[in-house]
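So, here come the structures, one by one.
In the two complexes below, chain A is the common chain; its partner is chain B in one and chain C in the other.
Take a look at the complex of A and B:
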């Protein structure tokens, strides 16, 4: 029996309080953001087994078919079905974003915790390096690296999913690392001499254990909230790179790439080719922003009402 | 004390610039490889290739190239662009006014629209104006800028024929006025040509609107949350209890205290905008710094790329310095 359940046994009233505390009311932003994200994941999964038409084959329609019963969202210049391409695109945009953010979160947090807990020379060096790196325009950095389909770092992975995607993911995670690092470093640094940290040290925990098991879990809220906001940013940069045609192949149904392909259509009145991928991006980034807001409302006591 | 801190921040510019230059120098060369192929004719012999490589300054070993570049940099020489054949410094200053003009107008739009929207949302918290503003700011931040630009082009140029198409700062075939400041909105008037001024305003309208939209969104959002926090504080309760009118409480007390995070945000945004909005400029064929950087990357134009990155990072550091100085005027605590 956990201590909390024991409280419920002794006093039913305290038990009721416990329940209220443990299940905070889900905010609207959490519900909407979560629902949209689940919808996108579902679409991405469905696209693995079924799309209305083949997304990569041109000439299914005549080219620039307006939205109709046969092609719900119309066809693009080459006559590929927009809906099918959008569905497969969910795989690219969602997959790239989630992978890049996860990598950045893990690496950035680890270095940040070490720097923040250790302090001293390591801390100074890391902070200075981060400051220099942050003065570097992020999108430019991404463009610079992705433009050159450089030597694959992990050849096995590269062969499995294609060199372009690996580059995009690596670069996007690299761009995010400094932010996670600073955040984790600040959190740990401000808490490392608190009493519970002292207590953990006193009973003989090694430093890494104090830092990662005792201090880090208390910072999970702000980190997760930032991760969600950062995911929105990464999703936007993914689309930007795709729009510039950097990194991925020319026929890749990535949403930014699709917007670029529809650019000529906008000038001649075929708005749907660029329009719908933009809405898809809006849904994805909007969901991440909403989730980020909801998480920080939940975990930041200053924002809790 | 404050002056010393600012001085220290100013001096910090140098290590940052040095680090950024080093990073760019090696990254560009490692990732992009040898650009000789881009500049040599396909039928070139090996001897000709070697000659072109030497002309581009790429024949020496990397460390030699690096120290050569640093030595020139100390003499404020940014080198020569491969593509334009001009000095990078003059290339940058040619394109700077276009970026600054668009950036200033867009940023002003963003501030003028964003802050009032944030205030309106905050004083109507959890009522319909708040939900409207929050929805708008969410979409402003979640939509890619280039898509917003395309949609605006589709509406105002293609469908309504109200504004001109995306062909740069002036319609095709119209000659630029003599260059004085480089800002077309000013140069056209100095040249005494109001018709030309109107043309340039119309060309500027869509890209500036796009920029304004995506700038106003985060500004409104931060203004709102800072206002909400300020209005829940004790001194506001006191001010209301003392019988101050709503307007005084909102603008003199809440907004003034809420401005700090907004100023920080605007500083960061300005640093990004004035470094050239790459995608925006490429959609509107705007001949600014962003396009220059994009072209430098695509053509492996090392000197141009490095020059641009130095400029952008200095701008970033200076933007934050400016924010610090502004703080001294807004926040009396820092004046102590």
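Take a look at the complex of A and C:
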């Protein structure tokens, strides 16, 4: 066979390869994390319209019923159905986590982008303020701030969903803001003198457009990845606060709260009361971690292959 | 109106080091860009040719301190304009093509979207109309399959293709009166260089676009440009028509530059 024939045989194939525009292949961590998170969201939504029993009513079972056909995940000490409480708990844990993370992301990123792009005095003032803020133990400082000003600002929301939840959300988002701020600030600061920033200014874009429309999208990957990992942390803290009995009312079917309620049972063999909420928390944090990992791979166009 | 679109008069300045010392880099730079002509600014690296061009757009490095001079665009001193007025000039009146086109394109947006964004910024209108303009601009700079190419990201473009896209953005989408090209062919293959230069001269001749080409490649200049400004060490050493510069160079530095580029015999 002459070399020319060989080329003739290969080239149609090459042509075919060139034309196929492959969609980014989803990694396994993305699929698993995404599936678990969708499952949690679905459970939370279903709990709005249907649960097997009323989660807040005690005495449905005898108390400490083992998992059975009637009570799939058993009942707790007071005889409330564990499955119903877990389902409603998804609403609390997921809702608090997502709201707190979103607030922190929006506020932190906005301030961070402005500080990073402007530089100079604004940058210095913001960074020093953040350093002072972070020098305090985060939770303590946030608690104090929320105690001092929180209820006044958010009275309407407070009346709608209850002061406990609002306080927990505010505390968690407050503690998160500095991290987002520093990340966004660093990202923008390192990119603001790149050529495409220069090019964007050259065609007449005003500063805010260069910062938010041209530079910020380049930082979406690191920001989203951090958001997801931060969400895992926030989910854990939410449960920890519940476990310690801070913020939410004692009968709230929040997972950390439920673990605390099941502590005595674990000692005497009724493992399911603490085990299933623990598993739920583990699943949620794990899903956020996996997603965070996968997002950083996916959002960088140069790594899409 | 006189034939000059841009006049740079006695422009001098220095770089301020972090410790506050001033290092003079531009000395009384004066040159003019004739309307509709292709003017080359030549000189070696560090001669200040790019710095002057950046000053025209008001995007010179913050450490640069001007000590004297005016930059008149249509008789208005650009150095006296505030940031807001300057933004109206950038893109709409004066636009620029950078040396490394792939670094000047935003890596996270498709090329078509970036061109469309600029179109919307300059001319308004809807997204789909802007996208049509973007694809049309890519077609006019001879990018094959412009509709498919418009959906691709900058890292999928070769250096030459990216430079074409940048030229499409700066010249066709912005529709400026003055186009500044800062070493547009540096780093490209020789064959691609001549393609790009052909494109630039076409735009200049056909569109009547006033063009300022900053380069150190005298071969390109000899083939294409009308006027030549020779700069060395922050000074303009010689200006004149391309014909005059290549046949009767007056300044010793110009002569040495020509000798070094081995174009003397060809031009003489």
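Here is the rule we go by: the second predicted complex is superposed on the first by the 260 of 305 C-alpha atoms of A that agree within 3 Å, B and C clash if a C-alpha of one lies under 4 Å from a C-alpha of the other, contacts with A are read in each partner's own complex, and residues count from 1 in each chain.
We adopt the following convention: a residue touches a chain if its C-beta (ideal position, glycine included) is under 8 Å from a C-beta of that chain, and two chains touch if they have at least 3 such contacts.
All of these numbers come straight from a predicted model, not from anything done at the bench.
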**Report entry** chain B versus chain C as contact partner of A:266, first or second or both or neither
**Finding:** first
Query raised in the report: If you stack the two complexes on chain A, which partner ends up touching A:136: first (chain B), second (chain C), both, or neither?
Result: first
Query raised in the report: Which of the two partners, first being chain B and second being chain C, lies in contact with A:290: first, second, both, or neither?
Result: first
Query raised in the report: Regarding the shared-chain residue A:201, is it in contact with chain B (first), chain C (second), both, or neither?
Result: second
Report task. Please indicate which partner A:220 is in contact with in the superposed arrangement: first for chain B, second for chain C, both, or neither. Result -> second
Requested in this report: Could you tell me if A:250 is touching chain B, chain C, both of them or neither one (first, second, both, neither)?
Outcome: neither
Query raised in the report: After lining up the shared chain so the two structures overlap, which partner does A:282 touch, if you call chain B first and chain C second: first, second, both or neither?
Result: first
Query raised in the report: For A:239, is the partner it touches chain B (first), chain C (second), both, or none of the two (neither)?
Result: first
Query - Contact breadth on chain A, by residue count: chain C or chain B - result: B
Report summary line: Where chain B and chain C land on the same part of chain A: residues 302
Report summary line: As the complex stands, chain A meets chain B at residues 128-129, 131-137, 139-141, 143-145, 147-148, 150, 232, 236, 239-240, 243-244, 256, 259, 263, 266-269, 271, 274-275, 277-278, 281-282, 284-286, 289-290, 302
Query raised in the report: Where on chain B does chain A make contact in their complex?
Result: 15-16, 19-20, 23-24, 27-28, 30-33, 138-139, 141-144, 146-147, 150-151, 153-154, 158-159, 165, 229, 272, 275, 278-279, 282-283, 293-294, 297-298, 305, 308-309, 312-313, 316-317
Query - chain A residues within the chain C interface of the complex - result: 194-196, 198-206, 213-214, 217-218, 220, 301-302
Query raised in the report: In the complex of these two chains, what residues of chain C are touching chain A?
Result: 57, 59, 87-92, 95-96, 98, 100, 103-109, 117-118, 121-122, 153, 155, 166, 169-170, 174
